[in-house]
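This structure is in structure tokens; I'll ask about it shortly.
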Amino acid sequence: MPMGAEDDAARAKRMRSRMELLYPICRSITGDGVRQTLDVIGESLRPGLELRRRAVPSGTAAYDWTVNDEWNVRDAWIADPTGRRVVDFQEHNLHLVSYSVPVRARMSMDELRPHLHTLPEHPDWIPYRTTYYQRTWGFCLAQRQLEAMGEGPFDVVVDTTLRPGELTYGELVIPGESAEEVLFTSHVCHPSLANDNLSGIVVALEVARAVAALPWRRFSYRFVFAPGTIGSITWLSRNRPLLDRIRHGLVLTGLGGPGPLVYKRTRRGDRTIDRAATHVVSRRGGEVRDYSPYGYDERQFNAIGFDLPVGRLSRTPHGEFPEYHTSADDLDFVKDGELLDAHAALMRIVEILENDAAYLNLSPHGEPQLGKRGLYPTTGGKSASDAVMAMLWTLGYSDGCATLLDIADRADLDFAQVCSAATDLAGAGLLERASEPPRR
Amino acid sequence: MPMGAEDDAARAKRMRSRMELLYPICRSITGDGVRQTLDVIGESLRPGLELRRRAVPSGTAAYDWTVNDEWNVRDAWIADPTGRRVVDFQEHNLHLVSYSVPVRARMSMDELRPHLHTLPEHPDWIPYRTTYYQRTWGFCLAQRQLEAMGEGPFDVVVDTTLRPGELTYGELVIPGESAEEVLFTSHVCHPSLANDNLSGIVVALEVARAVAALPWRRFSYRFVFAPGTIGSITWLSRNRPLLDRIRHGLVLTGLGGPGPLVYKRTRRGDRTIDRAATHVVSRRGGEVRDYSPYGYDERQFNAIGFDLPVGRLSRTPHGEFPEYHTSADDLDFVKDGELLDAHAALMRIVEILENDAAYLNLSPHGEPQLGKRGLYPTTGGKSASDAVMAMLWTLGYSDGCATLLDIADRADLDFAQVCSAATDLAGAGLLERASEPPRR
Amino acid sequence: MPMGAEDDAARAKRMRSRMELLYPICRSITGDGVRQTLDVIGESLRPGLELRRRAVPSGTAAYDWTVNDEWNVRDAWIADPTGRRVVDFQEHNLHLVSYSVPVRARMSMDELRPHLHTLPEHPDWIPYRTTYYQRTWGFCLAQRQLEAMGEGPFDVVVDTTLRPGELTYGELVIPGESAEEVLFTSHVCHPSLANDNLSGIVVALEVARAVAALPWRRFSYRFVFAPGTIGSITWLSRNRPLLDRIRHGLVLTGLGGPGPLVYKRTRRGDRTIDRAATHVVSRRGGEVRDYSPYGYDERQFNAIGFDLPVGRLSRTPHGEFPEYHTSADDLDFVKDGELLDAHAALMRIVEILENDAAYLNLSPHGEPQLGKRGLYPTTGGKSASDAVMAMLWTLGYSDGCATLLDIADRADLDFAQVCSAATDLAGAGLLERASEPPRR
């Protein structure tokens, strides 16, 4: 399966320019920022692909949750007695705690202080804080800013609106031969944080592009761009009949930061996506971890009531790098090489999902004579090549039950090598396709 | 479940004073010493608890064994030609080989020597030896004593009786809601050895005290104080109908010596007691070992014909510390801190046996909104606390099959944390108790 | 079971003298060399044992393969312009590529060079090459020889015949109580290579000698001496009804070279032969490896269509020692001590195959009183001996399902110790044989 020989430089450039468009937008779990984000996503699709946007009214029930009022910001600042804005939302989205309620007041530092959030251990960084479900307000600022603010009194303005509106998400579907689906999701609720999660968004878009370019697809592919938690729960609540068709899924986030790839298993831990991602990630030097019920939207997809086979791909996960949820997670923090590597790994995973199957050795009585079919070196006495070894493993284990991925794992060979050996052997009449891997 | 906030100092004092009462008694597998030991045990129980004493006549068959004649000692010594007692049972119980037959003779060193046992590598220690099933006699002494004895001739007196009597053991039962039982056993046949097994006896008594103080008990608890091997086999032979009701059990011995806690698994190795004890002991830095058919009475309970779920808790096991079966295993060898730690570990094990159960997540479609129930921090963006994590794990895996212990092990959390999370979640209507763990 | 106290020195001498007879013979997969090899093998058997020789005509189909034409060599050389033979088959069998077609020509170095094979990294060694299935010719020589050859022109003579004949193999069967068989195979196609595989041949002969000397055999034993690949496939094709009777098997090769014993598992990896060989090899400090579909004839026996329980015993395997398939694999490369050690290990494996069985503890209610049967030390208080421990393990796990090998592995004891304990316990009426291990 040719997996796209597209130029990495062009891909990196597309991802970078999309991140630059998305970075300045003030996103939260609802509001204009989400719609603008979906605009950018929609406009970056190839002709023929369409992002379908969904709007769910505030107050709509979604299982144990209710869609929030919509939040939008016009402006927000803190001004000192001279009228100078010492903290200014216009300078950085993170300065305003997400979902802050409107305020217009003059207050002393003593009154203001409980509403200010800093990171004393990183005095130049602005933290990221939210207050989705408690109606209060606050500002986030660098510790150095705080120390230079003086005693006030301060004019505090939070010019936001918080009223019935909608929660918005977008979906892109690329149909395949089967109605069964592979699901990729990326959260679109974090403002001005590049690794978390512009990286996930732009890698997902490149996977969509490459998948759409495949000459044939076993599965249909669905890419969901939704706010975290309430967005994915709302999506789940509105797509019950679809859920049975999801065969494999991945949450994509934090793919451009430092560290090797980290695959987080599904809750059950033994789904096909777990095996495919483990094969790819571990062979690229990455790390595989067990599920835990904390993190991103995988916790919703894996909840007992859904139990979907959705893992998560990232690099160093949330909370394990100091820049996490701070202004230091900016466009420089995300590297093109890391994004490209994540994309390549995802396409290897897609390759497995598309091509894994069990085969039957049609010449099972001893090793077939590969030489007379031109598949074996003619001078004996030397060691076998990788290609010959891949054929021998494939013949040796293709009993109609073991799949190519089983064989690749056992042989410690790349899936692609075993897949290629199977193609050659089937071409020589020595192997025939038996069945798809069991649904898992 | 409140597990007793009793004062450790008071507990240590009780254990120490009981050991001081028990240490001088000359115990063996039968005789006055066993009865005196059971007297001390019975007198140390709280009002309302009663030690029931059982007497089994010599000659009674117990499977492949027969209850021995009863053995008692009036006196025993070796005197040198001047009449001075160079080895004197009055000075230390260990000087006389247990079950020595009566002797009254004058003999040379050459005649006497085959009856003398020393430890050349520990020249000041007296070894412990027995001859339950061969009618002979002997003395144990320090190597230095032997070297100072001279050539004799010696007057040798073993003033013992060995005649039909009884084997004695004691039982304490604390009833619970169910007739199913948790069994704790400690051997009471070793004379003047503190770790082996006064430590097991006094820790068992404190566990009984704490269990009796519980406001409610799922299980009934049985504490058996019996001589080793013949005592436990006799007990088994006389309690066949009871055996089916034993759900969990532990042999308690060697709990006051050096080293971390060591749990020895049951023969099958996968019983509930194995999982509970492994959870507790490994989280306290202790060690877990597989079963072997050598050791204390666990070898009887685990014999194929009984196959009871009885593990063993000790510290450094028999034979692995030099003081084992010598006079150096004295009251100083046993430390209060080690006894208290063993008691605490046992109460954690009891806590698991009493409280482990499977629960059902009543809000399984995605993560329930803990915040609106006051169970989640209201300012988002920071990491989750241990208490929140315990709730997320409990919700994430409570499918009606996984028990709290399963979840605690998977999450690498203390059982108590998960148990507390389950209580909070059940209180909030998010969880309901599904079933007890399978009988195992 | 006494396993032969025959003198190791005599055994080593027999193996050495057979290797000296076999080494000079020019063997290939067919031809006079194979027949001469089978002559030597047949003549070295004890009276009463007979090597049955089988001849299969060229052109006979064997599954996906066809028996080759028979190949024989009269002479082969390369002579320089002075008539001096610079490469001479008379000096070393390896000089001629096996299955070279006849040639008689004068040619320049440029024309000759593509037919010459050397090992530049080992300039004094002659490599071993074959061309069984492509009709060409070649010479193998030391790099230094090549460098000294000059520019020619050369007279090249390959005086071989390649025409319809037969493929020959030999079989030795030693009957036992059951018609079920243990199979040992060694390939007999390699010329003048000592470790690969004179070592396998002579060790197999000594195993046959020792097995024939056993007073009783549970199984029948079959030793097959056949050319590699085409030989074993031909044997398999002509013995279909027999295959169901093969309970255990081993390919023997490379047993006299350096390194510890290496057992290569069957394809399934959990057959009885895998457990028996793992027990023996790992307790002797050897190594156990998973199956891979590359190596010697185990790849034919384990092919999906046969799926026979045939592992492989060697030392450092093919391709992992530099002397492999070169003239440096000569009689000095093979050491007597290694051959004897391999033979001893094989007889331990035979001991397990012959004697493993499940037993039933007839006194399962607690530990039986070994002392009254003279099986236990009478003075208590000390640690148990190995012999006592073997009895306790055997009693503790003999539930009619666990076999002696299961128990030995669990107890980390030698099978022989557990087997001896079972004999003693059965003699005391405490144990009875329950069943043979499951067919696996």
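Think of it as A, B and C in the order they're written, each chain with its own count starting at 1.
Going forward, a contact is a pair of C-beta atoms (placed from the backbone, for glycine too) under 8 Å apart; a residue touches a chain by one contact, two chains touch by 3 or more.
None of the values given here were measured: they were computed from a predicted structure.
Q: Superimpose the Cα trace of subunit B on the Cα trace of subunit C, which carries the same sequence, then give the rotation angle to the nearest 5°.
A: With C-alpha atoms aligned, the rotation comes to 120 degrees.
Q: Interface overlap for subunit A and subunit C, more than half of numbers shared or less than half: same or different?
A: Homomeric contact, different residues on each side for the most part.
Q: Which integer distance in Å separates the CA centroid of subunit A from that of subunit C?
A: Taking the mean C-alpha position of each chain, the two centres sit 54 Å apart.
Q: Which subunit A residues reach two or more other chains?
A: Where subunit A is concerned, no single residue meets two or more other chains.
Q: Considering only the defined contacts, which subunit A positions touch subunit C in the complex?
A: 361, 363-369, 371-372, 378-384, 389, 392-393, 395-399, 411
Q: Write out the stretch or stretches of subunit A touching subunit B in their complex.
A: For this pair, the touching residues of subunit A are 62-65, 97-98, 127-134, 136, 138, 229, 232-233, 236-237, 267, 292-294, 299-300, 302-306, 319, 325.
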